[in-house]
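Two complexes follow with chain A in common, the first pairing it with chain B and the second with chain C.
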Partner chain A sequence: MTRFVIRRLISMVLVLFAISVLTFLIFQVIPNGDPAQRMAGRLSTPETVAAIRRTWGFDDPIWQQYLTTMKKIFTGEVISYTQQVNVLDQIWQDLPATLSLAIGAGIIWFVMGVLFGVLSALRAGHFTDRALTVAALVGVSTPVFLLGAVALYFFAFKVQLFPNGGYVPLTQDPVDWLYHLILPWLCLSVLFIGIYSRVLRSNLLDTMSEDYVRTARAKGISERRVLVRHVLRNSLIPIVALWSLDFAAVIGGGAILTESVFNLQGVGQYAAESIHQLDVPPVMVVVMLGAFAVVILSAITDVIFALLDPRIRLTGS
Partner chain B sequence: MATVDSTVRAGAHRDRGADTAAGLSPYRLGLRRLRRNKAALAFGALFGVIVVLCLCAPLYADRVAHTSPNANHVTETVTVGGVRKDVVSPTGQPIGPTWQGRFLLGADQNGRDIAVRLLYGGRNSLEVGALATLLTMVLATIAGIVAGYFRGFVDGVLARVLDLIWAYPVVLLGIALGTSLALGGISIGPLHLEGNSLLVPAFIIGIVYIPYVAKPIRGQVLRLREQEFVDAARVGGAGPLRIMWSEILPNLSSTIIVFVPLMIANAILLEAALSYLGAGVQPPNPSWGTMISDGIRLIPSAMHLTFVPGLMLVLAVLGINVFGDGVRDALDPRAKVRLEEHAEEASR
Partner chain C sequence: MGSRQPTPNADHLLEVEDLRVAFRTEDGVVQAVDGVSFHVDAGEVLAIVGESGCGKSVTGMTLMGLTRSPNARFAGRATFDGQDLVSASDEQLRRIRGAEIAMVFQDPMCSLNPVQRVGTQIAEQLRAHNELDKDAATERARGLLERVGIPRPAERLRAFPHELSGGMRQRVMIAMALSCDPRLLIADEPTTALDVTIQAQILEEVRQLREETGAGVILITHDLGVVADVADRIAVMYAGQIVEQGTLDEIFYDPQHPYTWGLLGSIARVDRPRPARLPAIAGTPPSLANPPHGCRFRPRCPHAFAQCSELPPLETRAGHPDRCWLTPQEKREKREVAGQIGLAGGEVAAA
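Entry: the complex of A and B
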């Protein structure tokens, strides 16, 4: 077990290093033109550009540029030259909104996904199953920002059931927090509910034809108990694994679109606004920290799964 | 993933009893199964109609709407039912659908014809989707075959590069490339792309999806290379290139065909997401994503600006998704390539 954890951690560190190099290359090296000019934004004076070239060391050898960039990102020295704001401070300030969105939506999409998956499998081929299949296809084909816009139009503008976007901190007013987050949670969940219910449905149908399920039935165990204790328990393993990866991805910037449609003032919306202004420093930091979060969370997931399921640490080398 | 071999077996099994089943090629059997799947055909036709409409964009703009996608008509008026109306009212409210040649679906806040932009935008979205898919499929197939065939060191290097792209969340990688390339453009050898070129988003999306196709292809090549017909070719004196090209590639064709529609759907969705964020197709070029992005601020007063391109986008993606599902079921009845596994990344 210790060996598995160590191996997994080493590979995680390597991937993190590679991601930092790739991010550096994408932002500073691959595009044509002057990196200092890009960094400074559209409305910049020659003095700013010259100052940026000096502090970021764009005249240094490339490996030294990389080190400077990483040092700046991790010591929180990166500044948006367009807005004159420290990027890391802004991210810390916006993080609660992003976490609120991700955690609430994660719970909703897991519960609903399992519920619809089980319903679909139990009624396989019947009307409920077909209706859920169609709904899942539409859900997978609709971008979340469009869904959010439609939801806002009907439920916040036509019928004033929910607020028209915005975020209220949990510590300030829990009820208002919930009220502002219900629509974003549901919209972000739709896609995942569609995916999870389809995956769980096919898992359940596969598991139901296993020998041990037949044995359980033959022993005279009630159908409900067979379903919950034997079938569902085994079918849920891949769903939980999928959930933890998706959840990590949503925390690491996957909710950018949802946040900006609902004006949630989270990290994702900060990134979205920076992209619209083509303000490079915030985009670079958010993208890299987001990718880091995803890699670290998925390594933690792997370790937890290895603890729970011995088969993974034996074969997962 | 089923090889062609097992496709035949599965097909023969399903068609048992039909006396003409024996001796038909796997593609014939696949085509027959696809033809029975009326829903897939209907949705495929829907996608086809959208493609044809979008290709006719210049014709419509020229002959019917008498304008171009980026032309401003803010200060002009249009006669609807005998009444002269401002294209954009003095308060900045754009005209809604007129249901006639000019401004069929209304105008946006710059006084541009929505219907014309919808068709041109669709053409851009579809072009980006098609080019990105082409790039993904070609590079992923090459990478998958080379890695799977040579194994060892080559495989190790390619697998690490692919793992790296895979570890980078799709939308984040797209955003990173989109933002930096929109500012600087890129030079690949002799090819120079300006930041606002349509090829930039196509290039980005094409790169981002490579691992999702290359990994399964590599897995299949690993199995194929151990089969007798490959040994036979090698004994017959064929070199690696020839084996890869004429022995292994043809056996991958059903996998590749199955991936194409799913990749087109994902590429269109990712283009829309990137354009919505401002990291995809750059203004003033229209695409469904940029149109939604432009319209979303005006939703309370002019919801058609968002809903019209949104509806087109969903119909196109739904059409190709359902059709792709049908193709998969037809060619590869026992395939593990599932729409759900690949679609998920694209549209968060």
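Entry: the complex of A and C
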């Protein structure tokens, strides 16, 4: 276990380093990306631009600029170029919206994915299965910005069943929080429900033909018990692993589109706006935060994996 | 004796009459079991012998209801304890399965759930058929592991299948099968996946079980060598049908069907001079989706003649029933190959 943790920590540092360098370099080569020019505005004199360059350190060699930025990130002093506010404060403020979206959607897509997957496998080849297959394909192929826009048009504009976007903190009004989040949750979940139900369906069908399922049946236990304790239990292992990785990806910026469509003011939307303005510090922080979430959750996934399947050992290789 | 009439006999533990199992597949209807009749008495070991795909496993699994699926069709009867297993409801069968009739499967590597402790898996079966709390079931499971010769059983209860050797796992499977004191044990190739020393131990386990509990045993195998050690009677199956049935001595010393000769000829024997190459039966078993007309063994039989294009009935003409048109006299002459029983022609090597 200690070896596992140490190995994971080392790989996390490497991943974060690589990701941050890449992100930083991308913004160096982007056309029209000179931050001093952008800060100074369109009608600025070359002197103003040069002054900004000096004060912000844009004259320094790239590696030094990178080190300064990283230092500022880790000391919590990093300031965005455009709004010139503290990036970490801003993210801290946006995080509840993103977490609310991710956790709610995560629960919905897991439960619905499992439900539809089981239904599909039990009725394999029948109408229910075929209908769910088509639904899953449509769900997987519909982009979330289209789905979100259509949902908003019908349920917020035409029928006015739900609010037209926006976010209300849970601490302020739990009912209003729920009311604002239902549409985003569902829209974000659709893609994952489609994928999960298909993956689980094929896992279930594979597991059903395993020898140990035949043994379970030969023991004379009830069919329901065979399905739940032996078939489903074994089929869910990869689904759980998939879930925690997807969940990490959603926290780490995977919900950019959903947040923007529904104007949730979360971390993803902040990242989207910052990218729009070629504002390097917030993008760096969000990207690193996402990488951090993925690395941490994949380590947790490995632990869960080992708990669910005794054949897997953490210390191996 | 005369030809045995398939009449229900209340004295038999299990009486199978004209059992037919067909599966609808993409290649058409596969008649996996085609009119099989046999019986098993308490305390008796019946061996069903045949090549892979001859329908012997399907026969065994059908008795347990494990072949039931929307694509399967069944006919015939299998009377166990006055109840027909073929027409029994799923719930009736579930109650019999694991309690009255238990099964040991071929591959112990895949036959246990990889993510459950073996103690849990044994206890699950005990609790499905008995009013037992968790602790009592675990205690019974421990006793069962001890009974099948697993050292340190209390510790092994907590082991996962991958932590045990193949022989150990098969012992766990046997412990599980024995857990509810079944009256009939169906062992489907119980030793095939194991090495030879473990095979002998597992067979000893089967023999002991029969002696201790008086249970009937159906031993399904492709290996006549295994059969010689434990079986009382033998049914030889070929292409979904029984081609010969008799006591151990009848099959080994007076085999009537050429297929049986081939099986006997292909046993490696240490008490005879070693052949350059182990004799094998030429050709492959026929497809059950499209079986040959007449005698099913005809395409592979070096002794086939005109009458073989008609399916021979399972008839007793030399002490026990077989499916072959040759006269007993002809059979006695033709089964001698180089001084021992064998199937002439094909790939038979010179002794």
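Couple of notes before you dig in:
In this section, the second predicted complex is superposed on the first by the 265 of 317 C-alpha atoms of A that agree within 3 Å, B and C clash if a C-alpha of one lies under 4 Å from a C-alpha of the other, contacts with A are read in each partner's own complex, and residues count from 1 in each chain.
Just so we're on the same page, contacts are C-beta pairs under 8 Å (C-beta built on N, C-alpha and C of every residue); 3 or more make two chains touch, one makes a residue touch a chain.
What you see is a predicted model, and the numbers here were worked out from it, not measured in a lab.
Once the two complexes are overlaid through chain A, chain B and chain C fit side by side, free of any clash as defined at the top of the document. Annotation: apex chain A, arms to chain B and chain C, angle 80° (C-alpha centres, rounded to a multiple of 10). Once the two complexes are laid over each other on the shared chain, residue contacts for A:E210 go to chain C alone; chain B is not touched.
In the superposed model, A:G117 lies in contact with neither chain B nor chain C. Contacts of A:K219 after superposition: chain C is touched, whereas chain B is not reached.
Contact with neither chain B nor chain C is seen for A:P184 once the two complexes are overlaid on the shared chain.
When the two structures are aligned on the shared chain, A:L22 is found in touch with chain B, with no touch to chain C. Put chain B and chain C next to each other and count what each touches on chain A; the higher total goes to B. Once the two complexes are laid over each other on the shared chain, residue contacts for A:V199 go to chain B alone; chain C is not touched. After overlaying the two complexes on the shared chain, residue contacts for A:L308 are found with chain C alone; chain B is out of touch. The minimum CA-CA separation between chain B and chain C in the overlaid arrangement is 8 Å, rounded to the whole angstrom.
Residues 15, 18-19, 22-23, 26-27, 30-33, 38, 136-138, 140-146, 149-150, 152-153, 157, 188, 191-192, 194-195, 198-199, 202, 246, 249-250, 252-258, 260-261, 271-272, 275-276, 278, 280, 283-284, 287, 290-291, 294-295 of chain A are the ones that touch chain B when the two sit in their complex.
Of all residues in chain C, only 61, 64, 66, 90, 94-99, 102-103, 105, 107, 110-116, 124-125, 128-129, 160, 162, 173, 176 touch chain A in the complex they form.
On chain A, the positions that touch chain C within their shared complex are 210-212, 214-223, 225, 229-230, 233-234, 237, 308-311. For chain B in complex with chain A, the residues that touch the partner chain are 160, 163-164, 167-169, 171-173, 175-187, 192, 265, 269, 272-273, 276-279, 292, 296, 299-300, 303, 306-307, 310, 313-314, 317-318, 321-322, 325, 338-341, 343-345, 347-348.
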